[in-house]
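After the structure tokens below, expect a handful of questions from me.
Per-chain residue numbering starts at 1, and chain names A, B, C and D are given in the order in which the chains are listed.
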Amino acid sequence: MVAIDVLKFETNSPADTSPLEGLNAAGYEASRILAVIGKTEGNGCVNDFSRTLAQTVWQPLIPKDAITIFSGGTEGVLSPHVTFIVRCKDDDDDASGLVGAVGHTRDLDPHEVGGHIHARTVADTVANMITGMNVSPKDVKLVLVKCPLLTSTKIETARAAGQSTICTDTYESMAKSRYASAIGIAVALGEISTNDISAKLQTEDSWSALASCSSGAELDDNHIFVLANDPIAVKVKPRLKAISRPMKDAIDADAALDLLGQVKEQGGKVVQIFAKAEANPKGLIRGRRITMLTDSDIHSTRHARAAVGGLLCGLAGDTQLYVSGGAEGQGPPGGGSLTVVYSMP
Amino acid sequence: MVAIDVLKFETNSPADTSPLEGLNAAGYEASRILAVIGKTEGNGCVNDFSRTLAQTVWQPLIPKDAITIFSGGTEGVLSPHVTFIVRCKDDDDDASGLVGAVGHTRDLDPHEVGGHIHARTVADTVANMITGMNVSPKDVKLVLVKCPLLTSTKIETARAAGQSTICTDTYESMAKSRYASAIGIAVALGEISTNDISAKLQTEDSWSALASCSSGAELDDNHIFVLANDPIAVKVKPRLKAISRPMKDAIDADAALDLLGQVKEQGGKVVQIFAKAEANPKGLIRGRRITMLTDSDIHSTRHARAAVGGLLCGLAGDTQLYVSGGAEGQGPPGGGSLTVVYSMP
Amino acid sequence: MVAIDVLKFETNSPADTSPLEGLNAAGYEASRILAVIGKTEGNGCVNDFSRTLAQTVWQPLIPKDAITIFSGGTEGVLSPHVTFIVRCKDDDDDASGLVGAVGHTRDLDPHEVGGHIHARTVADTVANMITGMNVSPKDVKLVLVKCPLLTSTKIETARAAGQSTICTDTYESMAKSRYASAIGIAVALGEISTNDISAKLQTEDSWSALASCSSGAELDDNHIFVLANDPIAVKVKPRLKAISRPMKDAIDADAALDLLGQVKEQGGKVVQIFAKAEANPKGLIRGRRITMLTDSDIHSTRHARAAVGGLLCGLAGDTQLYVSGGAEGQGPPGGGSLTVVYSMP
Amino acid sequence: MVAIDVLKFETNSPADTSPLEGLNAAGYEASRILAVIGKTEGNGCVNDFSRTLAQTVWQPLIPKDAITIFSGGTEGVLSPHVTFIVRCKDDDDDASGLVGAVGHTRDLDPHEVGGHIHARTVADTVANMITGMNVSPKDVKLVLVKCPLLTSTKIETARAAGQSTICTDTYESMAKSRYASAIGIAVALGEISTNDISAKLQTEDSWSALASCSSGAELDDNHIFVLANDPIAVKVKPRLKAISRPMKDAIDADAALDLLGQVKEQGGKVVQIFAKAEANPKGLIRGRRITMLTDSDIHSTRHARAAVGGLLCGLAGDTQLYVSGGAEGQGPPGGGSLTVVYSMP
């Protein structure tokens, strides 16, 4: 169990590592970094090199076992930024209230991405991490996964090896990879049974309330971050807390207002919001037709981030939120998981 | 003074005129239509043929002196729809509470678009309309203008005639046209003086709190709709009311919550929301960098509609809102005008 | 058998029907029109309303049994234009050299689009048309098909009826529809056997050398145009001829130079070129990686039209060419069918 | 005067530095690199992070005084690749036939970008480089410049300092920067006079036949590469030669066929082609309307690269060409400079 702090800083480009100075100024050395979780200003899709650029500049600056999770796409009012997950300073470990763990799976072969092996591998790794954290699944408030996608090159590699990939469309592979990761998370959290993995991958109608997965071309394995309330600290006086409630659709202001209301009631202050967003797969919101899925100029994940980002940034009065697009299996269809981390007075 | 009703209906494509059946079913003949105000699902930019398509199919179905205002772009959670502004049925004229007028300017020559003549022409027309409505500017709650833009062909036409256009970039001409229209509205409403038109066109820092302008390639003149509270009806018991307060930036949830709160307090029900949205010209929201203006894949007006649409649809629980992009001169920089029409119990 | 002439005219927008005046000036009344085949300036994808707009304005102006085929996308150097296929004037019927037929299938239900029934229906219709033309398949030089696609609404309609669609991604449905149409054409031309339809739909590796199919949301049936050399006229002195040779990849200048060389040798003059273009499905051209399939900002059909359009317009010295994107089953993978219509001196 | 060799290699992503192995295998150490000139697979516009990524990974691997020039955008059939300009191996210096020089200007302040100081600075640097190469301007066959652009941040920085920038639209600043660079080149080559810089910046109608400029957010100075035929070697037996002739419009196949014909006649083999492409500023090619300038979904530079790339790749039978978009001042309006480097048998 590692008590963690959560700090966020603006970036002026995907290559901007100046947040490290901010972190130092706040009294944390780089060696305390567990994860760098960023929103970068690319398209968030297959050819989003802002993620790769961020990973390239950050990797040499953080501990070997730390992970990076860069989610592309700051459509609309979202501001590019990075959130650090750091080990608490030794002298205030007890007071934090939040615990975290980071890990990663083995590299996946192209033919494994988005399939049963993918889900199973994520499930095993997340389950091990939770065990290692010494918390129970009910303490967990968020599982973030950065997972691989299929490029033309990877698809060809599989084809040349006589293997078939989950699909042949590169953008579609991002969704398949997110869904498999989410199913893995759901299994690890006990939301669905291991035996159901294959069936759920087929039906594509299952979901975890705490999963947040994003795909990228910049990695071959899965980077994982698990966030939980410290079951011991909650009994005393935690400095930090996390609460979660999935949005049931992309305009579910109620879910957000409920969580933000809880924070306010306790006199808390929002540190960061982690949200997933997607187009309703039926092309409808509350019975009304939306056009995200028939817009061939802008992919639906970009639309979804912009809209949900607009809602949450407005309600929070803060544009540095982690809103990620493509919520397959990460909350109800058309909705998405939503987690608020906040500090107590 | 014409007492009006406001009704809105879903469309299944820009060519869908089935809302006319809905209108009929509600007891209004097409001859009562003053204006068809629609959101169509194009890109809202220069080559948005969804607007032209809508205008092409609607024009033959409405009275000769009725106008169409189609605003392209239903990014994010916005639903394509049309809002009818209709003359009240004779037997309930007194009860409406809202009055409206529609009109249009003469066709503008390419070299006039976005300049002094443009602003002046709009100012004169709007002023005449307000006078004709028998209301005072303080009763006005919204002035909607659909204005022309410059295509490559129009720019060449001017060049061939030895005339210069306000700019040579077609997308930029949309902004110039909106701004000139907004300045015209501000003059008509007494927000700025006629003598200041030239100066304000230069400085680009003036605005009307009630203007909502959108450009299109589908027209050469300006289509105008003025909406006001009926000063007589407000003293008795109006069925419909309008209130307005500009958003100060794209995440100004307070402005929206204030207006929606007033509606709720009075036991009212939102009929329609008219909002303008734009990227802050400095690329910042509340001091944080946003990326709408450096995204060369998606124009900033699309980003802005998606984000502000996400916020307003979430708060209103309704995706059929009129959210239009490009708020130059239509509310504070980076914000935009916001008008709520609601019905009383 | 109907002797035809082929004329093309510039359009200044998708709504421009002024080419009719050009046609009249050339001595042809609108009643002679068999087909209006146009390139319109939309994105050529699902939400291309330029096609619908063109169809909306043209339909009332042409004979009831005439067809429209609008292919969206004038990327790069391509100029928007329409090509008329008209019945020859009575007094010079004998001299034409080209014969044509137009037809259409019944409306397809959403669950039929892109599948076996789709292919079979096209095959039957084309076969009947060829028989009716009194030519043999070897005389045919081009079969153009405009076929339907799946929108979110159509997919939901099928789902509600308990039927499954060929896919659930709207853009992907365009490719499936084109492929099924092309397989239908191949069957009608004897390039593959009726019994192989199901197998070929599965393997997606078969093709017709003469097919050119494009999908659109603006229709539910398939519009078909068959073009052939008149077997009788070729023995005497034809005024018009057609030759065809598929491009083997998107940079196959040899195919184009060969056909254009034949025209030149005979002292002919190019009237129109009909070409199909696509991204090589393996993401490679002559072993080199290309990026059309990993670009999430621009769909591959747009890239392909721009590139092949650049090559052909350069070689022909003419930007008013019919270059259509998405060549599944219409020429070798990564290549596309190519037909040149030319006039003899 | 430095005798140079020119080698090119495929890249599998903007972060791929494996071409260095190819260079080594060909017998050249990294220390011989003068310039790395690459095509990367971004959008080639303001937010093209593929260029920044490439620069980030390459900078540490090349000599301190070597330069990088990454041009974004491999639309259509273009393949991502890098071209190395290297010092010849000592033992075959005499035989090369091509000479080159690399340099850079000082960093430009935001308010200088695209203006008189920019042009003057480039002019001076290029002139010095040519003098240093000991060649005359007529020997020069290409001047490549990578120049800065204006981001929202840079525009705000200038504004805060009370300075005005050449424009406030970030995409437009790319064009202004390219044009100023091209004017600088034209001055250095004696194509226009130093005294005319201001006038030419105003009229925007002047051009250099040998300039190739591309803008990027990844640098603040200008990176410059000058290529010339070695005036001494041409008299003996050069291994490498360069020839140049600007395309007069985007479909000028004649220019390309002329240069490629010269290569063929001499039994040569094309090593690399450097071309510039742009939309004709009037929206016309040979009198026909094109739509690159009214497409609000895809910027005109992307269209232009795709189309001209399609033509040149087809004619050369090679997809690894350097085709760069935005040819303001770099060849006739609507056309662009074109240089072919080839090896002799």
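Definition applied: a contact is a pair of C-beta atoms (placed from the backbone, for glycine too) under 8 Å apart; a residue touches a chain by one contact, two chains touch by 3 or more.
Chain-to-protein mapping (UniProt): A, B, C, D = Cyanuric acid amidohydrolase.
All of these numbers come straight from a predicted model, not from anything done at the bench.
Colleague: Determine the shortest chain-contact distance, in steps, between subunit A (Cyanuric acid amidohydrolase) and subunit C (Cyanuric acid amidohydrolase).
Modeller: Minimum number of steps from subunit A (Cyanuric acid amidohydrolase) to subunit C (Cyanuric acid amidohydrolase): 1.
Colleague: So which one's got more C-beta contacts, C-D or B-D?
Modeller: C-D
Colleague: Quick one: subunit C (Cyanuric acid amidohydrolase) and subunit D (Cyanuric acid amidohydrolase), Cα centre-to-centre, how many Å?
Modeller: Inter-chain centre distance comes to 38 Å.
Colleague: Can you work out the whole-Å distance between the CA centroids of subunit B (Cyanuric acid amidohydrolase) and subunit C (Cyanuric acid amidohydrolase)?
Modeller: 40
Colleague: Measuring centre to centre with CA averages, how many angstrom lie between subunit B (Cyanuric acid amidohydrolase) and subunit D (Cyanuric acid amidohydrolase)?
Modeller: The answer is 45 Å.
Colleague: Listing for subunit B (Cyanuric acid amidohydrolase): what residues touch at least two other chains?
Modeller: Residue numbers touching two or more other chains: 12, 41, 43, 47, 153, 289, 291, 294-295, 297.
Colleague: Note which residues of subunit C (Cyanuric acid amidohydrolase) are touching subunit B (Cyanuric acid amidohydrolase) in the complex, please.
Modeller: Residue positions touching the partner: 12-15, 41-42, 47, 49-50, 52-53, 56-57, 153, 217, 297.
Colleague: What does subunit A (Cyanuric acid amidohydrolase) use to touch subunit C (Cyanuric acid amidohydrolase) in their complex?
Modeller: Subunit A (Cyanuric acid amidohydrolase) reaches subunit C (Cyanuric acid amidohydrolase) through residues 43, 45-48, 151-153, 155-156, 159, 168-172, 281-284, 289, 291, 293-297, 299.
Colleague: Which of the residues in subunit B (Cyanuric acid amidohydrolase) come into contact with subunit A (Cyanuric acid amidohydrolase) in the complex?
Modeller: Residues in contact with subunit A (Cyanuric acid amidohydrolase): 10, 12, 41, 43, 74-80, 250-253, 256, 285-286, 288-292, 294-295, 297-298, 302-304, 306-311, 313-315, 317, 319-320.
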